[in-house]
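Just so it is clear, A, B, C and D label the chains in written order, and each chain counts residues from 1 on its own.
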Amino acid sequence: MARHIMTLRSDDRPGIVAAVSSALLEVSANIVENQQYSDEGTDLFFMRTVFDAEQADVERVVAAIESSSAVHNHDLQVRPEAERCRTLVLVSRFDHCLLDLLHRWRSGDLPIDIVGVVGNHDDCRALVEYFGLPFSVIAVTPETKADAEAQLLAMVEEKGVELVVLARYMQILSDGLCRALEGRAINIHHSFLPGFKGAKPYHQAHDRGVKLVGASAHYVTADLDEGPIIEQDVVRVTHAESPSRLVALGRDVERRVLSRAVRDHADRRVFLAGRRTIVF
Amino acid sequence: MARHIMTLRSDDRPGIVAAVSSALLEVSANIVENQQYSDEGTDLFFMRTVFDAEQADVERVVAAIESSSAVHNHDLQVRPEAERCRTLVLVSRFDHCLLDLLHRWRSGDLPIDIVGVVGNHDDCRALVEYFGLPFSVIAVTPETKADAEAQLLAMVEEKGVELVVLARYMQILSDGLCRALEGRAINIHHSFLPGFKGAKPYHQAHDRGVKLVGASAHYVTADLDEGPIIEQDVVRVTHAESPSRLVALGRDVERRVLSRAVRDHADRRVFLAGRRTIVF
Amino acid sequence: MARHIMTLRSDDRPGIVAAVSSALLEVSANIVENQQYSDEGTDLFFMRTVFDAEQADVERVVAAIESSSAVHNHDLQVRPEAERCRTLVLVSRFDHCLLDLLHRWRSGDLPIDIVGVVGNHDDCRALVEYFGLPFSVIAVTPETKADAEAQLLAMVEEKGVELVVLARYMQILSDGLCRALEGRAINIHHSFLPGFKGAKPYHQAHDRGVKLVGASAHYVTADLDEGPIIEQDVVRVTHAESPSRLVALGRDVERRVLSRAVRDHADRRVFLAGRRTIVF
Amino acid sequence: MARHIMTLRSDDRPGIVAAVSSALLEVSANIVENQQYSDEGTDLFFMRTVFDAEQADVERVVAAIESSSAVHNHDLQVRPEAERCRTLVLVSRFDHCLLDLLHRWRSGDLPIDIVGVVGNHDDCRALVEYFGLPFSVIAVTPETKADAEAQLLAMVEEKGVELVVLARYMQILSDGLCRALEGRAINIHHSFLPGFKGAKPYHQAHDRGVKLVGASAHYVTADLDEGPIIEQDVVRVTHAESPSRLVALGRDVERRVLSRAVRDHADRRVFLAGRRTIVF
């Protein structure tokens, strides 16, 4: 028996849980974990089920659920828990989020396989190579941006990338690339959303005299900083913190928030529901 | 259709979820919320399901589940969500936890009916009566303790009390009373458990120079302060806080923690699993 | 010897601390607590000193400091710690912040004297009168607004009010009243600032799918919700929380944040520095 | 002018602040930051002052303060802020705390110079060498323990080490070494103190069903886990977290707490006051 993660999004109709649980019972699968949620706003039903079953039986389970009259306009996926999420990390010069991801990956905290790291600068090469991973530079200038994005997308396809993590990648993706990566690209925004938008949020926070600064991890969408939020956190600050100290404190929040969001995504815990996310 | 909360504890066997969801589907009940957990340590299965169904169908649901071969040594309960948890509050002289419970009760935050408040002193009478609730004094001295507890237990039975809340009730219950109220009496301990036990925990915390003080809400058991923990929280403190200031800060944590525990219990979210609780 | 709180704001010049500490030493005052801060942005110096001294010596201390060449464009105030901050509370219909202030006032947590509570509705009368305090209604309509504010201001002067607390007072003060109360009126904003502004912030938060909701206490200024922030806090929420549950969770944050801000102000810990506050 | 940090511990007598501020004014030093605290329990006075002054004037300042009749049984130290705290890190096999320290050191977050890392195993060599720092192994067995500690102490003296950080160093120091390093060795304890002591605290936490797990950074003393606490923090957990997941969550708290404690120590913000610490 191998452990599997099933995720299901469907129109919300009666009988879905019965259909799923009967299909699993039929093959003597053992349910280990189960979460579900009916979203009133979108009238959608979301379910995440972890179960132990013979690999050979998974197809029967899927077929049984899909043949049920309870599921409609649905998206059903099952994958072995052992199959880790193939991840590509994008960076610029700051390495704090990158380092956190690499360390958690190596220590087994994150159920991902990092297939590579791409920077628009060369700064993070040594760090990535120390962790034994391939690093490539795809420089981006206004002239080369279209080419650079095409290169990036080609790499995503070639390497079977399931998740792109923008770990303080200081480039704005084009609308086209945002659409191509919809629901599988996570950005870390160095502010509590909604909040200070645009440039230098920590300086804005200092000028405004806030008592907390935060960070938000969200899916990338064409609408800058308006993508569905996956995770957020804050840290308490005082009047005595300079803007540069706020930046340093913010770095801690950013890496913590981004790593949690990546973990939740890779564990198949995050579902899109319009502008919101469901996080089990 | 009325909303119901079903709670189920059973030996952990395959087919429980299928049995429950089929029984609900059979009567066209609509599942609103569902949580489940298989506890490896005790090999027990826990489930909480909120569903909308005709009142008349509930008995059929219960019968169908109980006739399933999947449930063993189980405890199955269904009650209308609208039926609030009948609660008795015990106090001594401190009124901060009591006030918080009364205010949340009145503002509709807590799904409880407070059937009365009992003090071993008269101090809280005016407060309770301002909220329009009956207050009675059952004084406790070494000589009267057995009588006082008998009186208390009689009141619990007479008024159909489902939950007893010790809101900084400064009396230690006898082993007999603890057993009689097992799983339905919640105490707030003015310390982070495990931690400073016994008298004056905030003074102990000050002497030890801790940087956080906390509080724990737990079910009452004969083994003092060792009951299953329902909720805990802490607050940050510094060297500059005097013991009396720690007490004041602790009061905030105590009332917050106790109210959350009462809410979870009244919402039927808390299950006992040996020395631990499962809180959905 | 009586305990005093001295607050000093001055242009930032060398020698201020020496001037203050020498003046205190001269009369054998004992410094109990001292905080100071030089704000680079405004080039202002802020100091708060708690000391024990004979009442008769305080004037000498003040005169000595004011005669020093180190203090410029300064604001120096000394008052006995025992002299509590005369406070007027404004409310509408929601009573959670009001109740928290009243309870903390009665239990000695807040160093304030509540001289009265004014509502634009009668809803909170019973609560206020239970606590033995005077409650008056000053209704506000577009037609009566100017009169109502004049009445309010008259009450502030008559009763020697030093602090006005808007405890979820659902009226926008006129620019004139804001100016008249500058630096001595605290509002609780039911959102994390900057954040959702205007109406129904918890509904906006739900639609945006945020993972934290917060509240901010700030001084009232003519520029709505842009007053200097004194205190902020947040609480973690999930997708499963309905807007009305967010409102309930928000209430807890609001009352906590407002009470802390009132306490800091009444303890003379808060200084205005442009758009920011210094909070010792 | 160079920035300096002055720390002063003295019997608590009147006139200390006046003595210090006059001495600084005399040489036209500019006070940038100042904190002070009178500890009632020990009757000690603590002060930390950051000031800008000519290097040549520092000796005069020290002499002036020491000649004052206000300071008694005192410890007065002044050092340039630019002079970073010479730090030696001890590790075993876990590298999460080590990595955090190394990364913060390199990014300038921590005002320390890491003079080297010593492991009782070779596991962390590659990581340390990637950061360009010397790594040495001093193996410890019951037979070699005395020798190993002598070697360690020799290294501390030779390299002028001011701070020893036990970054999950899985060896108990002898009483002699504890005494030799008193006030300059910081340990991270993988539990909230007081709390679960001894082995496998996260497993104990799981068995007890706690809702928060924590970590504590403290000075090393001969009395195991009873050293003065510098910093503590917690993270919220649920029944669903396995012991190994608690360990992973705990790692995050450990590294955060240890880094903060090291930062505070290196910034000269931590003073010993009996069993407690004063942290400015």
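Basically, contacts are C-beta pairs under 8 Å (C-beta built on N, C-alpha and C of every residue); 3 or more make two chains touch, one makes a residue touch a chain.
Being a predicted model, the structure only gives us computed values, none of them experimental.
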{"item": "Neighbouring chains common to subunit A and subunit D, by label", "value": "B, C"}
{"item": "Between A-C and C-D, the pair joined by more C-beta contacts", "value": "A-C"}
{"item": "Chain whose Cα centroid lies at the greatest distance from that of subunit B", "value": "D"}
{"item": "Computed distance of Cα centres, subunit C from subunit A, in Å", "value": "41"}
{"item": "Centroid distance [mean C-alpha coordinates] between subunit D and subunit C, Å", "value": "37"}
{"item": "Shared interface positions of subunit B, touching two or more other chains", "value": "33, 37, 240"}
{"item": "Partner subunit D, residues of subunit C touching it in the complex", "value": "14-15, 17-18, 21-22, 24-25, 28-38"}
{"item": "Subunit A - residues contacting subunit D, complex", "value": "33, 95-96, 99, 103, 107, 109, 126-127, 130, 240, 248, 251-252, 256"}
{"item": "Subunit B - residues contacting subunit D, complex", "value": "37, 39-40, 192-196, 207-212, 214, 228-234, 238-240, 273, 275-279"}
